[in-house]
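Chain lettering (A, B, C and D) follows the sequence in which the chains are written, and residue indices restart at 1 in each chain.
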């Protein structure tokens, strides 16, 4: 998806994100395959050689899709949900809180639907590595298939493992760990052994307060420092054009001033919670002991 | 990509001191013999050398000592909540502490070492033992913060720098809070190998952040809106970036984009540009000058550092060190722009974004993310209208980000009571697609497909390439 | 002031049904023989009569039964979290439930009473016992909500009505969410005995709320911006207010304020007002007409109810029942306005608030709170400028309110994941003071003291009184 | 403060709120008394007979105060802080959640600095009654002095009592209870006995999550229904006038359009948390038992 760099033309076996008014859909371009819709069929073969960002018309010419180059953000909006997923506002803050840069090695659990995994892989490419774990064997299989399809298999190792009991099978290597687990406090004590010497970061995402409370205690007891807790929400806005009239203030005239203004206002209905982000640092065995 | 010195604090490094109590950062240079001013303290930072970045240190008198929580002598016994005092009999009077400020200063001068001082102060409090467990802890924390402050020493990074600059002068960085900045980077798909256009009127924070995420691979063409590129303290504070990182950066004046589109192959110099180049001859003095005009001492410090060690931060190295012929000043950027096919734009501007975006669109390849950041709702609503009236921008989304910090104290969890980072700007995002092409079946022609055709960037790009 | 029938649900009452699952209200009339439609259910509400308002009832078939949590037969054993299943082996397939929708319908028709039905459904689930405790509880809650819905029956009150109208049609009440509305009431010092001016373009929600808080004592003069007072479904839904409450309300057309200031003693009728009065002759039919044009069934219901029981809700009783001479239609309000000395204003308008406020200021006594509510930032920023340029408004404050609901489930505390009440408007508040008087010591003359003097309301009031 | 109704002229023994740029101060007008300021003295006697809302000049004519009629909202901004106090955004929502109207009888604990007490008294006047309790004897004394000075003594009974151990000394009478205590869960079981038959409301205010969690359990166990939890914050806004210029987009001209717009933007620095509001209903002994 990323490591290969940007391509301008659609080729065989490419992942393409199809976009219409209703949402996004991800496909892998295969000969003979097609996408069905109520208003016609889109043949994969029609897309070959087309520029990314082109408008694809259905065979009946009644509807269209935009054929977009995949990015982790578009993937997040189009991926098949196997679990609750993280969305871009949280993903982007997590990336910064983990201080990810090209070359960082990372542990993640659980893999879930792989929404965050793709964003991590993008950011740590080409020399970093992501070890991602899930206890659900089926999910691991599906995620691995996707990583392969998206050309990320060299960047990502996805394994089936109960990290709460066993910890990660990576030692003295990573500098960032991300947890999205029902019981993060069970895996926190296992984390330090996976960190490489020096400064490392951890972020844990939990929807409920109780999870944060227990994780916070576990972080303190495991020697983490600089423990911080954040909540980040994307406030969705709309621009509404409103007609403003003057009220009639006397009886002499009925002519009232009227003007239109554009106002940025919040949407009425939007996600009001996703989860809390607990972050901390860990310093592994200082070289000098004063 | 590996860390310099394996992440160990070394002589000559530019580092960040962070006080968790005050939530404030301070940039300083690690040196053996010289003292630096960290807030109210004059400290010799030699004690930090050889330890890992991210470690905590106690400021004990004039020196730094690695902080060891196990060495705290004063500890509170855990009590059951039911046995707890509830402060109901406490009156708030000054006579509660038998030591005066002067007494405590004297105790300090008698070299009463760290925790002993705290023990002494507690024994001087008449009310300490009557306080509730919570109040005792609060008292202890307050006294320690005052007399034995603990600081973190960090290597600069996007996380720390964005927190630092937001705290120092949020208006200078256009209220680009860490969450908002991070969102721009994600949505613009910034990564190793990116090829991006950036307009940054906010001190270079976006540019620095993009360079960090590119990790020394990729192309960032800055389109600057000023006459010349001014030295920017925020960008200079990205002192951890290597020359590999800086080589990804080139710059081009926005005002010359139009001419570039028309005559891509004839890089003639205008008068104003010659003037620009004259200025570019004295990079150090202008950098210094700009630093002098700043009020924030920590910022001054880092600017001076960079000026003194310019070999380490080769900002526009090709011009400064290799002294290229004048007409080549924007050569790198010009060539990249002529190639076109940028994979996205981050437009973080004080100006009306619409005309800038229109000027940039021809250089951006289809299926690329467009990111506009504005501080004021009026500007973003105009740009939102432009996005919606355009027939080659899809997946339009307008948001602002909301960030809340919590106090995760044991059994007293609550959001921070006061926030000094309530303000950020507006992020408008979209994806550029190929301009509307008419199909045999003309049934679905969107009503807005009028003006859009005329300013179609594709036709212009065809001329360009 | 005491509750009708001691707060017991009685025949003929207008009541609110509330479904906590759906967070939806529904207005209905308590009747012995007739059935009402509560969402998907047709219910005879007789079973509620004699119980206290606020009680919970189960919809069991066509009747209401008092809900008793001790009668729930299916209970989950408490498990320790460590023993808990974690769903890892569950696959989401339709075959997990052996009963089809038709089967369950059949079970219901066989009059399988309440909890037995739930037991049966659980026994039909193949995966129930493999689910985690949390998932079991969720499953049970979902099945109960579907097959044995529990509703609250409430007496109308400001709390319930503001939640109901916000949920039904937030744009009709100008996004006046409960927190924002409450803030207006507090800041305007609404109480028994208040003497207030109100402009309410939002269906009368503000008027109803003020009347409830006045408790039958005080004076509310509504200045309406329309040609005539239209019947307002939101105001009509305040069916719990007694005639004592409604008597506090009188109305006056905003467009006649200017003339009133100039010629307070000559209430001559203009053409438009005569027209108005003609309309006022058919209050019931116009109320009905307005109700017919509404789409929300619950609102229609209450309108019809009020029309049928108009003796109980004497809105503008003096006009409707006593049929006063035409020129007396606004007599009460006119006299109050001539007296002046209003103790505050709540201006909740769709129009530009500045000219309205200027027209009203002469009638407001000094030291009184001024409240302006607007949906759009553009209007409030203009008004904010006016407040700041005025020399007789102090303690200016501009805010918007932020409200978050939480899910306080045991050991799973978190904010609601989705909110459908994210939007509200802007509240600008200030206190009107006496116009600037020049003292012997002219040293402190504020720079804005220019235009303000001319539109000084006090000089106009002097003419008026 | 309220029950007496609005007065237009300042009289002896009136409570007057003095306002300047820096804040509010409450005084009781007494003969011979005065208010000191850096730029001169304000004699109480000068205020007598002046209209509320008048500008009072100091004896040297160098500074002034506005003499304002007291309201619970101004009182909240001027009162001497003996404890953390509740501010108007929360007070107003609490009033609505408790469904207070003229005539409601209410229990409140703790009295604290009396900020909420004044607002409750205003709303339930003239026929309701507020029973307010605090365990701190000195605070109770000060609050009682203030209630008397503000003419609220007939509406408010303020007592020193440890309600967590003893509950309220009011039975079968009130229809609303408000709690602002460190351990609200200790008093919740005592609450039902104070409620009058039928429908009553409770609201508990707590800054920390743990207090809410315990209170929530106590409410459930004590038979409360319709348990809801809210958080209400006032977002402080400012109108900033910004100059918007067009960027220079070509070299032919240096003339750029420039305009000023007014923008409503959040303040940089503001309170970001006060506390959580837990609210619930209680139905006391149904008259019929089906």
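Operating definition for what follows: a contact is a pair of C-beta atoms (placed from the backbone, for glycine too) under 8 Å apart; a residue touches a chain by one contact, two chains touch by 3 or more.
If you want to know which protein each chain is, UniProt gives these names: A, D = tRNA (adenine(58)-N(1))-methyltransferase catalytic subunit TRMT61A; B, C = tRNA (adenine(58)-N(1))-methyltransferase non-catalytic subunit TRM6.
Keep in mind that what you see is a predicted model, and the values were worked out from it rather than measured.
K.L.:
Would you pick out the chains that touch chain A and also touch chain D?
P.N.:
Shared contacts of chain A and chain D: B, C.
K.L.:
Need the most distant chain from chain B, centre defined as the mean of C-alpha atoms.
P.N.:
C
K.L.:
How many angstrom between the C-alpha centroids of chain C and chain B?
P.N.:
45
K.L.:
Compute the distance, rounded to whole Å, between the mean C-alpha positions of chain A and chain C.
P.N.:
The mean C-alpha positions of chain A and chain C differ by 40 Å.
K.L.:
Please work out the Cα centroid separation of chain A and chain B, and write it as a whole number of Å.
P.N.:
Here the centre of chain B sits 22 Å away from the centre of chain A.
K.L.:
What are the residue numbers in chain B that touch two or more other chains?
P.N.:
In chain B, 377-378, 404-405, 413, 415 touch at least two other chains.
K.L.:
Which positions in chain D are in touch with at least two other chains?
P.N.:
Those would be 209-210, 213, 235, 263-264.
K.L.:
Looking at the complex, which residues from chain D come into contact with chain B?
P.N.:
These residues of chain D touch chain B: 135-136, 138, 182, 207-210, 235, 240, 242, 244-251, 261, 263-275.
K.L.:
Within the complex, which stretch of chain C touches chain A?
P.N.:
Of all residues in chain C, those touching chain A are 86, 88, 91, 170, 175, 225, 254-259, 270, 272, 349-352, 355-356, 359, 375-379, 404-405, 411-423.
K.L.:
Mind listing the chain D positions that touch chain C in their complex?
P.N.:
Touch residues, chain D against chain C: 2, 5-6, 8, 19, 51-55, 57, 60-64, 66-69, 71-74, 88-89, 91-93, 95-97, 99, 101-103, 119, 122-123, 125-128, 197-199, 209, 212-213, 216-217, 220, 225-239, 262-264, 276, 278, 281, 283-284, 286-288, 290.
K.L.:
Inside the complex, what are the residues of chain B that reach chain A?
P.N.:
Chain B residues touching chain A: 1-3, 6-8, 20, 47, 50-56, 65-66, 152, 155, 157-159, 162, 178-179, 181-183, 185-187, 189, 191-193, 195, 212-217, 341, 343, 365-369, 377-378, 380-382, 384-385, 394-395, 397-408, 410, 413, 415, 426, 431-434, 436-437, 439-441, 443-444.
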